[in-house]
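The following pair of complexes shares a single chain, chain A, combined with chain B in the former and chain C in the latter.
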Partner chain A sequence: MVIREALAPFILTVLLLIGILALVLVPIAMTQPDPWGMIDTFLLGPFRNPRHTGNIVEMATPAMLCGLAVALMFRTGMFNLGVEGAFFLGGLATVATALLVPLPALALVPVALLVGTLIGSSVCIVPGYLRSRYEVSELVSSLMLNFAALFIGLYVVNYVLRDPSAGAMVSYKIPLEARLPRLIAGTRIHLGTLFAVVACIAGSIYLFRTTWGFESRIVGANPGFATHLGLPIRRIMLRAQIIGGAIAAFAGGIEMLGLYQRFSWQSLPGNGWTGVVVAILARDHPLLLIPAALFLSYLQVGGDLVARNHDVPSEVVGLIQALILIFVTASAITRNPRLLAWVAGRRTENEA
Partner chain B sequence: MSDLFDMSAIIALVPVLLRVTTPILLAALGVHISQRAGVLNLGIEGMMLSAALAGVIVSAATGSAWIGLLGALFTGLALAGMLAFAVHTLKADLILAGIALNMLAASGTTLILFMLTGDKGMSGSLASQVLPSVTLPVIADILVLGTLLSGHHVLTYLALILVPVVAITMMRTPFGIRMRAVGENAEAAATAGINVIRMQVVALLISGLFAGAAGAFLSMGYVSWFSQNMSAGRGFVALAADLMGYGSAWGTMLASLLLGTAEAVVISLQGEGLPSELLQAVPYIVPVIALVIHAQRRKKAA
Partner chain C sequence: MAASTTGDLPFLRFEGISKRYSNGTQALSGVSFSIAAGDIHAICGENGAGKSTLMKILFGLEQPTAGTIHLDGEAVSIASPRVAASLGIAMVHQHFSLIPSLTVAENILLGQEPRRGLFIDRAEARRRVLALSARYNLDVDPDARVGALSVAAQQKIEILKALSRDGVRALILDEPTAVLTPPETDELFQQLRDLQRAGLTILFISHKLREVRALADHVTTLRLRQVSGDSPMAQISDTEIAALVMGASRPTPVLRGGRAFGDTSIDVRGLQLAASNGADRLTGVDFSIRAGEIVGIAGVDGSGQRGLVSVLSGARRPTGGDVSWNGSPATSLETVEWRRNGMAHLPADRFHQGGARSLSVTENALAGAHRLARFAYGPFLRKRAMQQRVGEIIEEFGVRCPGPGAPLSALSGGNAQKVIAAREFATRPSFLIADQPTRGIDIAAAAFIQSRILELAASGAAILLISADLDELLALSDRIAVIYGGRIVATLDNGPDVTPERLGPFMLGLESAAW
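The block that comes next holds the complex of A and B.
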């Protein structure tokens, strides 16, 4: 009974997720000649083939890291949405370093990732700095800088890194020595996945066991109290955005070195927004980011399989993500005492 | 002689400037109203995008640009209603619900476009209509004034007329004063007998209508098609315009004109052999710089 009580919010979230899936999938399946086949492909397809199951883990890697970046900033009360741009620019700067800087093979990966992290994180750090120095809304400036990062990045791809022998606007091939090693044969799961899991664990320790993390949570939960304590609020806010930006840019770098042969993004890849959904689903808790990211990636792989085998675009997954974002933050549902009591199998006070 | 040439070049820029400013201004006025009522409408980007698609679909189905406009306005209104429902009834976070609305619109418009046309990128196969430009009588024939004042798009005139309408409504009418009271201090407003939730819902609905008009301009203003993600961050630029506008409709208009100027200059430079990618970044960097300058001034004033 006690366990069921403690798990009630979790069970309620799971019920919500099932409801959202049904809400989106059933009407779309009805438009198909083979509705059961589509739902079957979506829900079970990702597990029928080890390669597709591997895809879940591959996609969960950037989702975990972007989720971590978002969670650490949201915990500090910073609505910095530069994760999207930092991920893009981090990936690009990492590839650019690997292509342009002559480095010994051993130093190639660490140096490229470091440069990528430094440059890419600027998309979160600049809004963070402008917020703490001038009180410019980090929300709006980070949204603007996402687009600025995209177009400046495309300029670099087109004028500096572009391989004229490739048909499309893509970079030269990333040198083989710069690619991250694959961990499991038959899948593309790479070293970056380990980094991501370790980062989530480290993020949890940081947030709940260190002074910096504690300060972050106070500023996020109650800025007035933080002022009263005499905490250096501006510095704490900026710190969260530096760390968040660095994680997001690092994620872009390992995504490129882990999975790509060339830099080929022509638009913002959307991983940052997925990171927002992951963070919200995990309630900004770093350890819960791991299952949340795996779940969202499972949906993405299901959506991709449906797009390949049925006449339904993979954007269905975007609909599901948006509904998750709304319903999981809807405290009228997730914190509803009657609903929680019902899930916990307990009668509410007024009924008793 | 060269002065004369420069003058005419600048005058020729005015129609371009008004064209790129119109959607930003309409959306920014919508953001302005929501912001003053304390419910910043971050979903404006998604509302514009959805309205743009709705305008194309409805006008293609009915053969009437005006009914298409109604469809776009209704779509903005309906999405704003959804946002209000999520925030007030479901008690979702305002910012996150806005982000969710944008995601919903980005995926939803692509899905609907695909189901109607079999194409994910463009609505080329739908014979949608274009809303007209207006030639003002008499003024159109006057040499310079004609170029400046006449021949613009009907929604451009609407946007310009709405600036004083919004300014007067917000500053001088009981309705606007109540709305601002709710945004300034919801608890005090509630104590004074104002229905806070109703004011905020109304503010969101009005901003949805503005987003609808802005979206209609994108897909039915000068072009007759919808393309994937055609709003391209203009809703976010509108958020910046509102922040730069010192909380007044006139300020919002000036900010929109400034941001529109940046975009218009970029468009006119694009033929000059400069790398188009870098030019495209400019309209997104200008708001950030403008916000910093704005914040510095506010700091000095304080």
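The block that comes next holds the complex of A and C.
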């Protein structure tokens, strides 16, 4: 009973997700000649083939890391969308380092990732600094800066890294010794996944078990309280954005070295936005980021399979994501005492 | 339009009005009095005496739990502001509800715009506003943008808006002068007298005696949720009104004489603070607190208490004057420096400053102390030490909570305040600011916190006590300083001769004494 009580919010979220899936899938399936086949492909398809199951995990890897970056900033009361740009620029700077800097094979990956992290995180740190120094809304400045990062990045790709022998605007091939090792044969799951899981665990320890994390949560929960305590709010805010930016940029580097042969992004890849969705779904809890990221990736893989095999565009997944965002953030539903009581199998006091 | 007086029948009568909120707070108990047609009727009382609740009931925003309202001798049930409007009752709230980007005419006729087909008939709207303005002799420019106007002009618009409905007979004004300068206040009073001549009955809520004297024909005083006095202005003196508002002095036997005080701890000289909110402004505050002494600040809410606390806790920098602490300058210390030197602060606003609702009891109780070697090991928190300490606090302060991991929001106000007090007292402060330390909490919790404050003083801390509860001030303070209009107007050594009656005139700005 106690366990059921504690899990009530979680169970309620899961019930909501099932409801949303049904709400979108059922009407779409009815338009299909083979409705059961489509639902079957969507829900079970990803597990029929180890390669597809692997896709879930590899897709969840940047989602976990970007979600972690967003969650750490959300918890501090910051809404920095620079995660998207930091991911992009982190990936690019990592590739650029691997391509341009002559390094011994062993140092290649760590140095490339480090440089990528340093350069990429600037997309979060600059808005963070402007916020803490001049009270510029980090939401607006980071959103704008994402595009600055994109176009600077495209310039660098085009004029510095571009491989003229390749047909498209892509970089030279990333040296083989810079690629992250694959973990499971038959899939593309790479070392980065391990990093991501460890990062989520470390993020949880950081938030709940360290003085810095505690201070972040105080500022996020109530800035007036932090002022009252005399905490250095600006420094705490900036710290959160530096850490978040670094994680997002690191995620970009890992994504590149783990899955790509060349830097080939022509636009913002969208992983930062996915991070926002993941963080919201996980309610900014670093450990819950892991299932949240896996779940969203599962939907994406299922959606892609349906798009390939049935006459349904993969944008359906976007529709499901949008509904999830709306319903999961609707605290009128997820925090509703009556619903929670019902899920926990207990009667509310005023009903008695 | 003129209100008809049918014989001796009062225009409006409250009969045994009681109000109890669902959370158990009693806001009014058995309030009965009458308002004569065509009078300017003042309702006086301290904060929390029930004035606003009574007006909300009259305007249909709240429903009484018992009692009836009679209008022209007939019982009426005012279920909503719409019903109040249909009965001819209009209200001007303390906080304006105007839209700054719209014009005067648009604001006044908001929701009742004249239409022509699908569109608003602007010419007609303008005409109506001008007619209204002429009828009540309230000059406004219908085309001006409200945001560009002065506060006094906005208030005029607010009044016109209230009068724009048809058949208005009574106008309620809730502390209308709070936002005005003295000349604007005089102008408002002139306008209100004009409205009275036009046949309106006016209910004027205020706790400024001078204004009540200048304007009203009749006054009703509320104290502790009941009517404490009701009289024509001509038959009552200011001191009598003050006594009715403040209440007869309850004997306060806790006399704290005989204790030796140490050297001057906090010394405040000519402290000034410019603030956008006039209620926080300081215009020259002088006082000092010796070690082991409790200095109580008495004053009507919004007389500068907030500004004083914000300067002495490091939240704001004063614009003039000096603060010294144990002989060292402390005028521009930051909060963190105040705290490092031994300041602790029980804030008036429990959930905006005192704690974070969404964080746990443990986290609220130990925030700020979390970097002490006792609770931190390098960058990590010692969870076990924190659990153990919070267990002690819960035990020692008798905090009733579902558990140390429960969010602060799960606790009652009194228990939340205990958690906050435990945190602040744990630092063994040498200077404590106790701002409304027992407001809104139950008697047992209040007594406990008060006894803790006394203990702290006995151990040699300098204590600044700010409280709207005069009984509390008189029971705890060694000296009482009265603040009015952002400065200390009197400082009295606490003793049997210091009573609410004696403090009242100072608090209301009728008298000031050099000290």
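Criterion: the second predicted complex is superposed on the first by the 352 of 352 C-alpha atoms of A that agree within 3 Å, B and C clash if a C-alpha of one lies under 4 Å from a C-alpha of the other, contacts with A are read in each partner's own complex, and residues count from 1 in each chain.
Assume contacts are C-beta pairs under 8 Å (C-beta built on N, C-alpha and C of every residue); 3 or more make two chains touch, one makes a residue touch a chain.
All figures in this text were calculated on a predicted structure; none of them were measured in a lab.
Overlay on chain A: chain B and chain C clash in the combined arrangement.
In the superposed pair of complexes, A:Gln261 makes contact with neither chain B nor chain C. Judged by the touch definition given at the top, the superposed model places A:Glu315 against chain B, while chain C stays out of reach.
Once the two structures are overlaid, the count of chain A residues touched is higher for B than for its counterpart among chain B and chain C. Contacts of A:Leu154 after superposition: chain B is touched, whereas chain C is not reached. Applying the stated contact rule after C-alpha superposition, one finds that A:Asn49 touches neither chain B nor chain C. In the superposition on chain A, A:Thr210 makes contact with chain C only, not with chain B. In the superposed pair of complexes, A:Phe225 makes contact with chain C only, with no contact to chain B. Note on the superposed arrangement: chain B collides with the chain C stretch 97-105, while the other options among 97-105, 439-447, 457-465 or 475-483 stay free of clashes. Residues of chain A that lie in the contact sets of both chain B and chain C are absent, per the superposition on chain A. Listing the residues of chain A that touch chain C in their complex gives 209-212, 214-215, 217-218, 221-222, 224-225, 227-232. Of all the residues in chain A, the ones that touch chain B in their complex are 31, 79, 81, 126, 130, 134-137, 139-141, 143-148, 150-152, 154-155, 158-159, 267, 273, 276-277, 280, 313, 315-319, 321-323, 325-327, 329-333. Residues 313-315, 334-339, 345, 347, 349, 351-359, 363, 367-368, 370-371, 376, 379-381, 383 of chain C are the ones that touch chain A when the two sit in their complex.
Remark: chain B residues 42, 86, 89-93, 95-97, 99-101, 103-104, 106-108, 110-111, 114-115, 120, 229, 232-233, 236-237, 239-240, 243, 275, 277-278, 280-281, 284-285, 287-288, 291-292, 295-296, 299 touch chain A in the complex.
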